[in-house]
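Letters A, B, C and D name the chains as they come in the text, with residue numbers starting at 1 for each one.
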Amino acid sequence: MSHQMLIAILLLSPLVGFILNGVRFRSSNYLLAGSIATGAVAVSFACAIALFMQLVGLPPEQRRLTVSFFEWISVGSFKVNAGFVVDQISAIMILIITGVGSLIHLFSIGYMHHDKGVTKYFAYLNFFLFNMLILVLGDSLLTMFVGWEGVGLCSYLLIGFWFNDSAKAAAGMKAFITNRIGDAAFIIGMFILFMTFGTLNMHELNGLAPTIMESSWLGAVTLGTLMLFIGATGKSAQIPLYVWLPDAMAGPTPVSALIHAATMVTAGVYMIVRLNPLFVVAPNTMMVIAIVGAATAVLAATIGLTQTDIKKVLAYSTVSQLGYMFLAVGVGAFGAGMFHLMTHAFFKALMFLGSGSVIHAMHEEQDIRKMGGLKKYLPITHFTFVLGWLAIIGMPPFAGFFSKDEILWFAYSSPRGHILLWIAGAIGATLTAFYMTRLMALTFWGSSRVDKSVHPHESPLVMTIPLMVLGLLSVIGGWVGIPHVISEFVGHIPNFWEHWLEPLITKLPEASQVAHSATEEWALMGVSVSLASISALAAFIMYTKKAGAADKVANAFGPVYKLVDNKYYVDEAYFGVIINPLVSASRDLWHYVDVNVIDKATYKITDLVRGGGSFVRSLQNGNMQQYAMYVVLGVVIALSYMLVG
Amino acid sequence: MTADVFIFWFLAILTIVSALSVVLMTNPIYSALSLAMTMVSVAAIFVTLQAYFLAGVQLIVYAGAVMVLFVMVLMLFDLKNELQAFSRGKFTGAIKVGAVGILAGLIVGAVGSFIMAGKSGAPVTPEASTSADATKALSEHLFFNHVFGFEALGVLLLVIAVGTVALSRSKGGTHAKH
Amino acid sequence: MTSMGSTSFEITINLIKLVLVFLMMVQAVPILVWLERRGSAFIQNRFGPNRVGPLGLLQLLADAVKFLTKEDFAPEKGNRFMFYAAPVFALIPAAIAYMAVPMSVPLKLDGHTFLIQGFEINVGIVFILGISSLAAYTILMAGWGSGSKFSLMGAMRASAQIISYELALGLSIVGVILLYGTFNLTEMVNMQQGPLTFSMFGYTVTSSYLPNWGIFYQPVGMILFFAATFAESNRLPFDLAEGEAELVAGFHTEYGGFKMLMFFIGEYGHMMIASGLMTTFFFGGYGIPGISFQEMHQIGLNLLGTETLASIFNTVVHFLSYNLKFAIFLWIFIHVRWTLPRFRYDQLMDLGWKTMLPWALANTMLTAVVIFAASYFTI
Amino acid sequence: MPSTSFLTDISINHYLILSAILFSIGMAGVLLRRNIIVLFMSIELMLNAVNISFVTFSHYFDKVDGQVMVFFVMTIAAAEAAVGLALAVSIFKRFKEVNIRFFEHLKG
């Protein structure tokens, strides 16, 4: 099949699924809805594999399959096609999206079967995938933005899926509004780039990127990329716009796995990698990205330490891991960022689905303080969760180890890296190991604190199969990008990942200045792994062996614990500094300006219009002959003007 | 004064007088008969302009069919002299009459200025070829150059026929009294 | 107005001709009335008028005197203007339409050519149809002006009938027009000279004794046309307008005396137009079977010696030929009137709209296809 | 313009002026009369005026298209008369009068 056809099927299959489920959204036949949706995504996955195989069959410099379905917008020199492109980056993305997506769809059949709105749920999910594919495949920023907004919409719909609960509906709105702020910046970024380069096509933009670094903060590329990055902070939950993601856990757990862990939130990273030639020439933007990424990684990890909701822990963990990705792209390690994006998609989806399985088993109980000792009730879930846990804390040879370690290595060794960034990353990794172990210990290990009325049970096969597949991927997913030092040590395993992405990744121009030895790399690797191991061990002891130790530590750190426990009061600060003043200012404007000035003006205008209208109405009295008279008068006037004038 | 000139003036005056009586007669039947008279004289004017076929069609279609229908309908209605043949309102009536008068003046003035400016330029054609050829040319124009319009008119007539039958057979629609 | 001639001599002759044709038409009416009365008596096995003059021929004069001396009155509730205008208008369309029927070969005198018809008009058929369609007004005016419901209903019926049958009438002669490719009646007559000749697909079949008349090409058209003209002239079996049992005497219930006579003249005028057109369209016009106009002219030349006299001879002989055919059709009109019963009104409308109109349409289509095929497949 | 030549030389302008006058008379009828059927008749008058100018131009500029237009106008006029009369009949059925003011009931 031609690649045009494949891309069309890839895109349209979820849309068809959405329509099929959407038109019968009142149905509660979970099996039918789930089959349609999962089938649609599976078809997409098959197309993605076929496309990937076609891509592999091409020589590396020609790996770029494009298709343009129609001209979407044409205004003067501004032309946008409904064009889609499959190249090395988007091929990986579509594989992740459709692959992980189909697993999560499958899982959802089991997870949502008791829900009344299951058909609507699957319709939304398919629609999300359609938009995500547009986002990923779109060949111009505008096409990407369509998907960008579309996934935002679906995210909103799915977070507020149980909208009868006003807190959940509010969480949806919070996500939506926070994203809007980022989107506004994204649009401004697009304006700047279009103004500068005259195109929004990403391929052309990359080709047009200047070769000289832009050292100024106000350069067009710097400003444009900075704005795009602010857009990315909204979508990918970075400081300062990360606040929506933890709340987004109000949605069904598979949604959290798909949208808020594996796919949508990585869109920002993907976008930056897409446009890496532009970002490379703006070192200031890169610096900002790296710092924001590192700060987010640490900050979110610290908050994660104190959370007691299983999904909130995972949410902060996601924010933290996204911070790693941004750290990677910020120091110029775009390949590493993409690598971590992929491995993170595997193990975080796994853990979310695992948490879903736990919640399902616990009858919608999400508080880890009320769990414990679930290992014996949920053996499969526990086992796969362990695989995810080992991956996220960076234990070799699990997937997370390779990607996280590569990021840390680049943070240190890259010309745009810094030792402080590495330290931040390492602290983040340590904290991650600690809170993830805490999560494991409180949930699965130790003594049971489960309520007597709850009888945990293992989930059905339809839910555990995705867990197993993702667990496998969490183990082997990292093997495609084994660092040189290890591969040389073990044998001669090529680094597929770097080779694959190489044609699309711009090398940092100042790369070859400092030489780093393999010893340094081994040393850093050892340090981070041992730090993580130590903190994991500490956490394990603290939460399983010595009951009460955690409280002691918390008491010892008193105010700091309180600060962290309350998520640094960020939400409160936003309310106090931005939202409340805005609301009161708006209210004042309403009471004084609106009522006294605008309303009165509009009343006057209304009176004027009404008066004029009643006059005109008197002309329009249904008397046809009078209408004819107006016509004649008009002709007379026009004719006399023509004759006289 | 040649015969042609005499005939033109005769027909012009006949046309205008009968047209005036269409508007001024208070009995609609007289109006209709005057209109038929107008149609006939317009047909005669077509003859002076050597549009013989159109003159015939004018007689058959307008004078023969359309106007007869008018007259029949009027006679069916059995309307007497109208007490109020003209619409009320002296002011608007004055405006209407004035507007029409000015319009007529303007058009006549425009036509007049058309000659006086010497822009008429169009040569008065030599005696047109025989009318049989003219009719043939007319039909060729109709069926080659304007065939789409012709077909569209056919469709229009069909629609009109259906609509008219539906309208006249309806028992009063939403305003039915019974 | 070039047909009126270019010199004052020609114009004078043509004007005289107009008067002559009109007088011919009007004077034929008493003869027809006599014929009708005698004929109907003959058909009904009685004598008819036979007292005044030989064979009752002077009955006509007596009738005229009676008509003229009758009291001239108008109904009180009626509309006087219309009541008086209607009979006058009844004459006009018939007279004008009859002017366009050619009655003989053109007369050539001293280089002047005079057509033996009121005036020649190139779109003769359209002209005649147009003019005769005005006859409906007469009836409506009479019906309205009488101020009587019988008159009005009769007028309504008659005019509706005339409008309905005009369609069939017009369509039935479209075949003829397609066949001859002209609206000009004289040209049609010229094309019907000689023996019957069919030529199609390159083959030509010539009859040895049949004349080349339109009836052999358009038999269906002929029947339809003839039937429609009966309806157009409001004669039996289509004289619903004056169905005595229902409507007294239709639109001329209130008429009497000379005004009644004028209606008679109009009716007979229509009959004459119909007969003239039948002759012209389907029966070779003034032509004589077997002899062309040229041959007849040659015979005249041999007999009388001079061109002028030969032309006069030619014209007179063909005029007689025309009048013979014309008279035959008039007699058929009269004969049908006294033979056939009257239709019912719904039967009349059914016949017009559901029978004659489809047949006329089919005839038109068939003629068009055949003519197209004949000209297209010439090999 | 010189009066004698205006009277004796019939040109295109004479026909056009005749058409204009006829048109204005028809328009006055449309504006002033109250009987719907008379209104329709006035409209026919206007259409006829236009027909005259079409035929005039067709004759003086030796183009047949004008006559084709007249043909079309006649067809449209016939159609309009058919619909108009049907409307008038239905108005008459209801109000026993065909006054234009009954159409005011049709306004929204």
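Just so it is clear, a contact is a pair of C-beta atoms (placed from the backbone, for glycine too) under 8 Å apart; a residue touches a chain by one contact, two chains touch by 3 or more.
All values reported here derive from a predicted model rather than from experimental measurement.
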Separation of mean Cα positions, subunit C and subunit A [Å, integer]: 95
Whole-Å gap between the CA centroids of subunit B and subunit D: 4
Distance from subunit B to subunit A - Cα centre to Cα centre, in angstrom: 75
Approximate Å spacing (C-alpha centroids) for the pair subunit C, subunit D: 33
Multi-partner residues of subunit C (each touching 2 or more other chains): none
Subunit B residues counted as touching two or more neighbouring chains: 4, 53, 57-58, 65, 69, 87, 96, 99-100, 103, 107
Subunit D residues counted as touching two or more neighbouring chains: 27, 31-32, 100
Chain-level touch network, classified as line, ring, star, complete or other: other
Interchain contacts (touch definition) - all pairs: A-B, A-D, B-C, B-D
For the subunit B and subunit A complex, residues of the former touching the latter: 87, 92, 95-96, 99-100, 102-103, 106-107, 109-110, 113
Subunit D residues touching subunit A - in the complex, by the definition given at the top: 27, 30-32, 100-101, 103-107
List of subunit D residues in touch with subunit B within their complex: 1, 7-18, 20-29, 31-35, 37-38, 40-42, 44-45, 48, 51-52, 55-56, 58-62, 64-65, 67-68, 70-72, 74-79, 81-83, 85-90, 92-94, 98, 100
Contact footprint of subunit C on subunit B as seen in their complex: 3-4, 7, 29, 33, 36, 40, 43, 48, 52-53, 55-60, 63-65, 67-69, 71-72, 75-76, 127, 130-132, 135
Complex contact set, residues of subunit B against subunit D: 1-2, 4-5, 8-9, 12, 15-16, 19-20, 22-23, 28, 31-32, 35, 38-39, 42, 45-46, 49-51, 53-54, 57-58, 61-62, 65-66, 69-70, 73-74, 77, 79, 82, 84-87, 93, 96-97, 99-101, 103-104, 107-108, 111-112, 114-116, 120, 122, 124-125, 128, 134, 137-138, 140-142, 145-146, 149, 153, 156-157, 160-161, 163-164, 167-168, 170, 172, 175, 177
